[in-house]
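Both complexes below contain chain A, partnered by chain B and then by chain C.
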Partner chain A sequence: MTEEVLTPETSGNDNPVLWVARPMATAARQFLKSLIRPSTIVYPFERLEDPKFREEVQVAAGKPIGVGAVWDNYRGVHALNIATCISCNLCSFSCPDLCIEMVAVPGGNPKHPKKCPQIDYGKCSYCGFCSDACPEGCLSMTTRYELSVTKRSEMVYSPQKLFEVFERKLPMNPIRLERPANEDAILLDAPLCIGCNACARDCPTQCITMMDIPKPEAPAGAKLPRRIWKEPVVNDSDCVRCGTCISVCPKECLFWGTRT
Partner chain B sequence: MSEMWINMGPQHPMTHGLWNLRVRIDGELILDVDPEMGYLHRGIEKISEDRHYNEVVTLMDRTCYVAGMAWEHLYILGAEKALHITPPERAEYIRTMSEEFQRIASHIMWYAAFVQDLGLMSPFLYGMRDRDLLLDLFQSYTGARMTYEYMRVGGVRNDLPHGFSDRARKVLDWLMERFKEYDQLCMGSDIFRRRCDGLGVLSAQDCIDFGVTGPMLRSAGVARDLRKDRPYSVYGRVDFDVARATTADVTGRYLVRMEEMRQSVRILRQVLDWLDRNPGPVMAENLPRWLGAPYAPIGREGYLLKREYPKGVGFAAIEEPHGEAAVYVVNEGGEHPYRVKFRSPVYVNLSAARKYLVGYHVADIPPIMGSVDVCVGESDR
Partner chain C sequence: MTVSLYSVAHDLVALVLTAIGSVLPAPLSRWITNAGLITALGVIVFAAILLIASMLNTIVLIWFERKLLGRFMDRRGAMHVGFAGLLQNFADGLKLMRKNTFRPEEADGLGFYLGPTAYMVTSLILFGILPVSTGWNSGVLPLSLLLALVVFSFAPLFIFISAWSSNNKYSLMGGMRSAAQMIAYEVPLLLSVVAVVVVSGSFDLNTIVAQQQNYWYWGPLFLALIVFVAAMLAEMERIPFDLPEAEAELVEGWNTEYGGMLFAFFMLSDYVRALVGSFLVVLLFLGGWTMPGWVPSAATSFPLAGIVWFMVKVYIVFAVFVWIRAALPRVRTDQLLRVGWNRMIPLALLSVVLAAGVVMVKCLPVFGCLPNLGI
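This part shows the complex of A and B:
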């Protein structure tokens, strides 16, 4: 054991007054400093994100860094750009607290309405997985942090309300993650497919096209399966890997895998 | 004088959370104590079994709310072993840096709460003020002040922002000045010393018998530190000393924690230098897609049945600010861990309360329990 053993200084038997006076002097020094530059701010009237707190000179009590300078990537209330949302469900899938629900927004085809995330802030843990997962960058987190409401139902932010946050043009989290290089692709278990078009219909990016396949000759004494002679072909560069096609497939013939 | 049991807690300023200390007293003398824990049990181990590997990280921040980064690091180390993933070197350094910042923040939080137990208000305010700078630093690269959700299986979420290391160095310089002030306020005060010296003695042999770890063990003269004894991450490559005292009492624990903060600053300076010199990726390449990194996990149960999953188990132990924490992750294949088990140092340290409380006076309980550094969220999980 090479480390030194810590031993407390011997107590001040020599001059007990000094042992009480020294800490008091330290506290008094801090008190005088705080008279000139207080450590706190007057919150509702001043805010940490104000530009004046970004400068070191303004920082209270000689603090070495400006508090507001680190504010930009704060994870607060989400902003949703409804116009670019493709209803891919990725935010809802990735939410650990299951607080995101996809609800219909007005406009568009009433039979197949566009669905956008609705966030229940009573459950949200502000982990940011949803904005990390968003392939279009339309759901991102802003610096807004004030959420007090009078009714619990007001904690549920509808897509329109999230869009209002977006329209305020608050600073948004600048960190965007890159997609991994080895993304899995959607593969087809061809013998199971019935060509029903469900995947192509529900694909948020329309990257699935139904291609005709040749109808085989029926073997002697056996019937061909009843199906539409088409198969989905996925355009990997447009695919956002949301898995909607896998979840809507009635025959479970689509699956994740590495394209060879 | 008749004996009686009194309840200190579950709502008592001494407890720092929800737990109950039943004390049998005769006048002012403590005859027996019985710590009762479990008021804050949230079933984190069970919830983890129903979450994707990366989603468990959100629970780790809530396990111990003053040492979230340390618990994230612990879980990620275990999960990576279970999933056979090696993170890039830069990610390891960033994790080490995060854990050391968290250690300073946690110890400052301990200092603030501990001196307030003794009735000293000014050091509490100074401590909270200084911890705020560390929270600002955390916010500048993770985006949150206490619930970071920063580490991922295979690396960390994002790289450090521009100008981070300069800011961090300024904070470290400033904190070193503040540590001197803390010592002037506490060690320099005769009142503080008379309140703390010789209290709550737990000898080295008792510590080892009960499994007590962390600053309590080191204050008894045992130089046991997992960062030194079983280096994980990059602790084998940085230079630091293990703080150690021999008094085994409240003053000793104070000294050990103060010295640990200085050693953390020493580690941080080396790690920041390395990070400045070596840019690189912060996320492992060729992660399995279903792991969802850096993206969030994709697909709920049932969608991904046709996959082949690796299997494995992972055990990791780290020196958390409160003591030695360990995790055991069982990966039976699939998107969720089969079982996650944590060892909380606070639970063990509290369980030995009978050994270091009996024989002292009722007024000694706040300083003694304060010196244990209780975090109930962590002990009850």
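This part shows the complex of A and C:
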């Protein structure tokens, strides 16, 4: 048997009775405190976002509760407003997990159906890039965090399902619509353009107008290129910088750049 | 003529058998209403009532501990099955009953099955010995306290048998620790009981309680109470003395290899022993089913008042055990044994001397005078 190593100097208490009495007093204090209400909540039956915990959450967070405060940066299930979605693809482009797929929603022109994001929560990492990228503020993240399902296919939320989440009017992340001051613009490499109208046709905000350009005189001994004598003009204030026009351009004559 | 539980059971059986005998032909009815048969069946019914009552109490005790411990740990304990989770332990028991019970290949069959069974049985026998109220026990047991303590101290033997026959290193270490701990704390336990016996002059628990009618022993024999509670905690293997099943070191101690109903036997017996420990503290130091004179007589004269007050006291004592469990960490083996042999035994001896002093003085300022011992 080893020597007693617990000396009054090392233990901090000089009275062995206190070694028993102090923890007992601490336990009794804790018991009396939690006899009124323990700190835990009965989770599936009560939730921290219930109004009755509002004050406690406020105290714990040190700031007022609600949109723009405690829930400000909460990133849960997305809410999608199908009515304002412009099918710009920006959410899908910005998704680092490739979990957003643009699928057709019923209604609109059957030849060019409206496409809205469908999110696979099995892949989603809740980074929030998509809701930051959404130019119309129709895709935002709510405080809903209960996602357990019995089948993997149920992890994929269709646009309609995301719209149902939107209709519940849960607390949401604030929508940031103001755009950066010195954002790049869509520029045109004019000699390459053939005036095919693809950019203007696919622009979700219809901010591209095909303007007539004068047909030049053909130089001697050479033929004019075969093209439509029109050029896209981008309305920068309406443009959401989705880049759809750049990706659809057959001649790769549109590019990002600073307008001088 | 006191009404005891046994006499109630006996009368019940006699009533039923007489009713059956009145409709049967002569030779059969004579056999059915035989006094010997009525006595035998009465004992069986008495034992069944006792068993059911004590098991129900044990299960409620587990619920009580879970709820209390939850509040000590800032949570709620069992919540959803039944009112405030009261039926949770019944559900757990059903689950354990339906589980497969198997024996490790290398384990010794006889010891493996004998251990939990005998542990359970010796723990349950104690309920037949300890009185809960006046007239609870029909028979007069002049040495009931001694008998209870003897049966109580069988436990380390069966724990050691089951631990050794499990053929597992953790089980064996747990069994060794359990035996060492229980033997070390048996001595101060009995010595502190000697203090009570010196003051009351009897080994009969009914007499000991009757002596405490106006003079509960917890005040004059406070030192003996402290020693008894500490030793009882070690005997019950509850925290802070739960070294034999120290989960952090020994998996689950001496019941590592047990599963299903055999584990339930151990688990239930642990709580049966906890209940019996609380019974003993109440009987020896807190006046049993008696209440002090300042309590209004309306609160002590309703039917079964003795049992109600006794159980209230038992649950308060058990709440203190839970409080100790919530507050104190587990001690080391060497600390445990050193405290047992070097501190508890001198304190217990001192408490015996104090008890002798109490008998000599007879009257204490606050607690009043001892009743006439008749010795």
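Here, the second predicted complex is superposed on the first by the 210 of 260 C-alpha atoms of A that agree within 3 Å, B and C clash if a C-alpha of one lies under 4 Å from a C-alpha of the other, contacts with A are read in each partner's own complex, and residues count from 1 in each chain.
Heads up, the rule we're going with is that a residue touches a chain if its C-beta (ideal position, glycine included) is under 8 Å from a C-beta of that chain, and two chains touch if they have at least 3 such contacts.
Being a predicted model, the structure only gives us computed values, none of them experimental.
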**Message:** Just checking: does A:125 make contact with chain B only, chain C only, both, or neither of them? Give me first, second, both or neither.
**Reply:** first
**Request:** Report for A:144: first if it touches chain B alone, second if chain C alone, otherwise both or neither.
**Result:** neither
**Request:** Considering only touches as defined above, state whether A:26 meets chain B (first), chain C (second), both or neither.
**Result:** both
**Request:** Examine A:42 and indicate which partner it touches, taking first as chain B and second as chain C; both and neither are also allowed.
**Result:** second
**Asked** In the superposed arrangement, which partner chain does A:247 touch: chain B (first), chain C (second), both, or neither?
**Response** first
**Request:** Please write out, lowest number first, the residues of chain A touched by both chain B and chain C across the two complexes.
**Result:** 1-2, 20, 23, 26-27, 30, 39
**Item:** Touching residues (chain side chain B, partner chain A) in the complex
**Value:** 51-52, 54-55, 57-58, 122, 125-126, 129, 132-133, 136-137, 139-141, 143-144, 147, 149, 157-158, 161, 167, 170-171, 173-174, 181, 184-194, 197, 221, 223, 241-247, 251-252, 255-256, 259, 285-287, 289-290, 292-300, 303-307
**Item:** Touching residues (chain side chain A, partner chain C) in the complex
**Value:** 1-2, 20, 23-24, 26-28, 30-31, 33-35, 38-40, 42
**Request:** Could you please specify the touching residues of chain C with respect to chain A in the complex?
**Result:** 68, 70-76, 79, 323-324, 326-329, 334, 338
**Message:** Applying the document's contact rule, which stretches of chain A touch chain B when the two form their complex?
**Reply:** 1-9, 11-12, 16, 19-20, 22-23, 26-27, 30, 39, 61-65, 67, 69-71, 73-75, 90, 93-97, 125-130, 132-133, 141, 173, 175, 177-184, 189, 241-243, 246-247, 252, 255-257
